[in-house]
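Down below are the structures I want you to see.
Shared chain: chain A. Partners: chain B in the first complex, chain C in the second.
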Partner chain A sequence: MGRYVIRRLLQFIPTVLGTMFLLHYMTSLAIQFSGNPVRALFGDRTPPPALLQAITDRLGYGDPCLEQKGNPCFGLFLDRVSGVFLHFDFGINMRRQEVTDLVANAIPFTLKLLVIAIVFEAVVGIAAGVWAGLRGGSFADNLVKISTVFVISVPIFVLGVVVREFIGVKFGNILRDQEWVPDVIAYGFFSPGFKPDYPFASLLIPGMVLGAVALATTARLTRTSIMENIRADYVRTARAKGLANKRVIGVHTLRNSLIPVITYLGVDIGSAMAGAVVTESIFNVPGIGRLVTNAARTGEAPVIIGVVTMLVLVILLVNLLVDLLYAVLDPRIRYE
Partner chain B sequence: MSDVTSAGTAVGGAPGSGDGRSPEKTSKSRKERNASLWADARRQLVRDPVFMLAVLYIFVVSTMAAFPRLWTSQDPRACNTDMSRLSPSWEHPFGFNTQGCDYYSHAIYGARPSMVIAIAATGGIVLFGGLMGLLAGYYGGWVDGVISRLMDIFFSLPFLLGAIVFLTLIKKQNEATIALVLFLLSWPTIARIIRGSVISSRDLDYVQAAKAVGASNGRLMFRHILPNAIAPMLVYATIVLGAFVAAEATLTFLGIGLQPPAQSWGIMISAHDVYFLEHPWLLLFPCGLLIGTVLSFILMGDALRDALDPKFR
Partner chain C sequence: MRGKFLKVAVAATATAMLATACGGGGDDSDDAGGGEAGGTLRVYATEPAFLLPSNANDEPSIYVIRQLYRGLVKYNAETSETEMDLAESIESDDKKLWTIKLKDGYTFDNGEPVNADSFIRSWNYAAYGPNAQNNAYFMKRIAGVDDVTAKDPDGDGPEEAPAPKAETMSGLKKVDDLTFTVELKAPFTGFPTTVGYSGFFPMAQACVDDIDACNETPIGNGPYKIDGEWEHEVEINLARSDTWKGEPGKPDAINYRIFADVDSGYAAFQAGELDVMYTLPPARFKDAKANYGDRLFEQPGDSFNYVGMPMYNENFQDKRIRQAFSLSIDRQSIVNAVFDGRYAPATGFVAPIFEGAREGVCTYCEKDLEKAKQLLAEAGGWKGGKLVLWANAGSGHEDWLQAVGDQVKAALGIDYELKVNLQFPEYLEKADNNQFTGPFRLGWGPDYPYLETYLSPLYTTGASSNNSTFSNTEFDNLIKQGDSADTIDEAITLYQQAEDILAEEMPVVPMFWRKEAAIYSENVDTFVWNQVAGADYGATSLK
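And then the complex of A and B:
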């Protein structure tokens, strides 16, 4: 187990460095081909060359290799890598704010969104999957099967826009006209976008939208896995021993059936982070997704590299944890 | 990887669903056992109404993409602002958009970019990802090490986030660059599928026999090992086509995909989402076409997987 973890952790090094180099090369190429991003700070005015040079140097875009088209700028890359890993210095954005501060401000929103999404998809998805799986071929089964295929095929932004307009605007307006409805519900939960006054209530619907697609997948996975396991010998043995149905389903069947589901939920944390970009822009949440999108638009290389590298590290760690959890849940799996 | 993997796991991870397989069908396929896997699969697919409906829908959308003139004689750029957002009528079944252009012809011409991007990107990942997976699985050792680390790099980048960063940095958003970015971020999945399937069939007896007879590496790989991997690759490629259609629309909606003078379903949705409550059809028609296409690809992949899996015979 220990050796396995160490080997996996060592494999992170080339992956993270490779990702950083990819992002570094992309951002450098963007600067080399479309010019100094610092000019954007001045709008349509032409800054004096000395001032432009000074600001460019101070913001870290002064490396001469950024003017040679196609140059991979290995020196700059080494500086960035040593800054990040030796001094925990992720650099600054155009307004001289530390990237670490920017992330610290944005992460609570994205984290809340993610937790809501994962809890929603796990609870509802597993419940629906168990419900359908125990009654294979029945109405419940077909309902879950058909509705999940439909949910999977709706792109998340279509779902987001429709939910925002129907539930946030139309239904929310009706509620906001009623006097007896508490403000948390009318202005928080049913608001068409994020409201700083209700930092949790107004994130519930965006979180559910974010979790919807994965919810359908979770339900399908649980359903198949329950259907496979319910016919297994050990379940028959448990029944033959005279155990209560509740225990046979709840402990014996469910524990084994949830292994693939938990793997999927772990992997989904990564894709939910990416999906959060869409949800955040539809519901106007000031989270990580918006931070990266804005940084890409203005060409702020340190922000892009820093934030995406952090996300990649989180995803890699989560994947490792899921693999380890696998061994805990299923004693047949051993990592030597 | 959001869209791609979720759709892939959703369908690929549900092998025991047994959709639409009645007992009499199983007994029939048993009688025709001597036919090949592909002939069997074809027979089963032709009898599957869901699969045939999905194929029909995709055929319709493909003809829209290839020959839009078959479907409409209107020019989507002949606009008249007097007609702005008029409701659907008999001559103009989808009504008019904000600029007063015929919305039906927009919807027809909008099929092309989605399909072109999806097909180009899928072709790319099948060829390149397939080759990488084949090499990594067959040679193992350091070749596998290098290719696997390369896959990890692209695999750990979240799909949408990576696409957004790349497309914004490229600053040139057209069909070619979108297809290229989608290809770059999703080839590792197919490479993993092929790699796994190659590793499991590399040491089978018949491959050893072919090697003993003196078959070359290339012949072993392409004649003897690769055919085992074709079925899962085909299933995944079908599903990924739908995922790419959705991804193109999503990127366009976020403002970093195709740009307005072009026609595409994503542009139609993003341009009209604010009019949803007053003029819902402006959103419903493009959304319907888009969802139908994605759904058809997913259902096709689902049916293909059931038909091509010998375990279910």
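And then the complex of A and C:
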């Protein structure tokens, strides 16, 4: 087990370095081909060359290799890698704020959003899946099947905007007119976006939207998996030896059925982070997703490299955890 | 055993969720439920770049800075006239050496006096090259500004730029605590109007000593002070400052809610979470007009959109070609078709709301196909092949530029192609290096409410933003005479004559003026829009 973990951790190093280099190369190419992003700060006003040069150097875009098209800028890459790993220095953005500070400010919001999304999709998704799976072909099954297809086929940016406009604004406005509805519901939960006054309640709907697509997949995976396992020999054995139905379903069937679901949820943390880019912009959540979106728009190389590298680390760690969880769920899996 | 593990994990998560949920709800019990108790004005904002006068040159930053800081002069909300604010007087005999006297008794939030030093300090800090402040650009008229910026010996090369010759501008001299003199490089009658720009606001010594802290928690001298810290990407809260001696701000507090995109801001407005939005999402303009008709504020703005003529290209050197190009465009029809009426067609080179602006100066800005064809024929026809129309990518310029191309093609029979794939930085570099092969779209916003701001930076010979490379001795002379005129009125007459030359020479083809649109909620009693500075939150009162 310990050796397995160490081996996995060692594999992180080339993955992270490779990602960083790709990001570094792409952002450098973007600057080489589309020009110095600092010039765009001045817009229509042509800055004096000395001023432009001073600000370009200050913001870290002064390396001459950024003017040679196609140059991979190895020198700059080494500076960045040593900055990140030796000095924990991820560079600064166009507004001269440390990338580490930006991430530190943004991460609590994204974490909250992710926890809400994952809990929502795991609890509701698995429950719906079990409900449907145990009663194949019934009304419950069809209801789950149809509603999940509906959710899966709507892209998240459409779902997000529709929820914001109709639930947050229109329905919320009706509630806000009613005296009897508590403020935390009317002004918090049904706010059309994140609201600093209600830092948790106003994140619930964005979190649910973020989790919605994965919820549908989770429900369908659980349903299929349950249907398959319920006919397995060991379940029949369990029933035959007279175990209570609760125990047969809850311990024997469900636990084995959860293996694909857990894999999916683990992988989904990665895609939920990608989804957060959209959800956070729609619901104005000041998290990592919004940070990356803005950085990509303005071409802020240090922010993109820093934040995405951190995301890669998170996804690697989560995947490792998921692999370790298999051993917990399935006694046949052993890591040596 | 393992079954227990799962149960425990689920139970733990559930407890944690409940705990946070309670915590989240509990914090808000004292809140007035999103209401407006206590006179807090809640306004739409985007994340400011900086909260330092010397560094902030973008709209969202200036909206906050104008409430935190005050400068020598302010602008009248309705007439945009310059009025003394912290200055007692700004006078000069030769329009080159200006003596500025300050009113006594003003202080910064930390108790430091607002004196001559605070202005000299701020302007020097902004101009000093190694500080790399964005507003260094605005100090360009002050004598000695060239000595505080160093020229890089090899352009972008590896060699480090040497330290500048001087640390302070020789043109700024303190006379006594409340008096200082400013020597300009060349006479400029309009100098007093320029110093109302936020880049000229004063800074405290404590601010310059710890500039990063001052950016996060500004030490202002204005009617409001920051309440707490700048919560990046979330909100900025301002409270009324008790050290401010002037006319107090109307709301007790101003809450700037920061939005990443204007659509989510509009949703928050619809849900009653905001009192003022100084801008609208273009796609929701009609919706807003229908729903908030009487609370929608609309007025012609001052941001100028033009199509520049690359006069370094031989095909555009004949003014009749440029005139013909302009005559073949029907601006109103483009405004109606592409912008839903959110722009106003331009008939001159100076914003219509500016003092000295004249309607219809540009006689070639009205569509006249006969004349266009005739002028083109007189010029010997078009020899440039396919006309290339340039715009930067991703900002929605393609549509209207295509309409321009279609109209020119229909009128003059010149085939065109669009070159709209360059990103903004690269596009601007092309502009700086005079590399356009055809007409190009660019814009201009005023630096100060004085019509000179639309003329000399864009059209004088060798001016920084003269992207057409227009050069006309008579024009240059008129601008120079206007700069050193005895009175503003005289200056305006001279500038108008200069504008007449532009209307004849057409170095750029004026296209549109953007209209400003703002909405405010039912909680707002009187909404104040300053012609120069935009929505004035400090002057806006709540019911």
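The rule we apply is simple: the second predicted complex is superposed on the first by the 335 of 336 C-alpha atoms of A that agree within 3 Å, B and C clash if a C-alpha of one lies under 4 Å from a C-alpha of the other, contacts with A are read in each partner's own complex, and residues count from 1 in each chain.
The rule is simple: contacts are C-beta pairs under 8 Å (C-beta built on N, C-alpha and C of every residue); 3 or more make two chains touch, one makes a residue touch a chain.
Quantities reported herein were computed from a predicted structural model and do not represent experimental measurements.
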Could you say whether A:111 touches chain B, chain C, both of them, or neither, answering first, second, both or neither?
neither
Figure out whether A:34 sits in contact with chain B (first) or chain C (second), or with both, or with neither.
both
Name the contact category of A:26: first (chain B only), second (chain C only), both, or neither.
first
Let me test your reading of the model: by the given contact rule, A:320 touches which partner, first (chain B), second (chain C), both or neither?
neither
Where does A:293 make contact in the superposed view: on chain B (first), on chain C (second), on both, or on neither?
both
For A:165 in the superposed arrangement: first (chain B), second (chain C), both or neither?
both
Could you look at A:281 and tell me whether it touches chain B, chain C, both or neither (first, second, both, neither)?
both
Once the structures are superposed on A, label A:64 by its partner contacts, choosing first (chain B), second (chain C), both or neither.
second
After superposition on the shared chain, which partner residues are touched by A:268: those of chain B (first), chain C (second), both, or neither?
first
Intersection of chain A residues contacting chain B with those contacting chain C?
33-34, 161, 165, 169, 281, 293, 299
List the residues on chain A that touch chain B in their complex, please.
11, 14-15, 18-19, 22-23, 26-27, 29-30, 33-34, 145, 148-150, 152-158, 161-162, 165, 169-170, 213-214, 216-217, 220-221, 223-224, 227-228, 260, 264, 267-268, 270-275, 277-278, 281, 289, 292-293, 296-297, 299, 304, 308, 311-312, 315-316
Sort out for me which residues of chain A touch chain C in the complex.
33-51, 53-58, 62, 64, 67, 94-97, 102, 105-106, 112, 115, 119, 161, 164-165, 168-169, 172-173, 176, 183-184, 186-188, 191-193, 195-201, 251, 255, 280-284, 286, 290-291, 293-294, 299, 328-329, 331
For chain B, which residues are in contact with chain A within the complex?
1-3, 5-7, 9-11, 13-17, 19, 149-150, 152-153, 156-162, 164-166, 168-171, 242, 246-247, 249-250, 253-254, 269, 273, 276-277, 283, 287, 290-291, 294-295, 298-299, 302
Footprint of chain A on chain C - complex, ascending:
2-3, 5-6, 13, 17, 20-21, 23-25, 27-28, 31, 33-34, 49-50, 57, 129-130, 132, 134, 136-137, 140, 149-152, 155-158, 161, 231-235, 257-261, 263-265, 267-268, 270-273, 422-429, 431-432, 442-445, 457, 464-465, 467
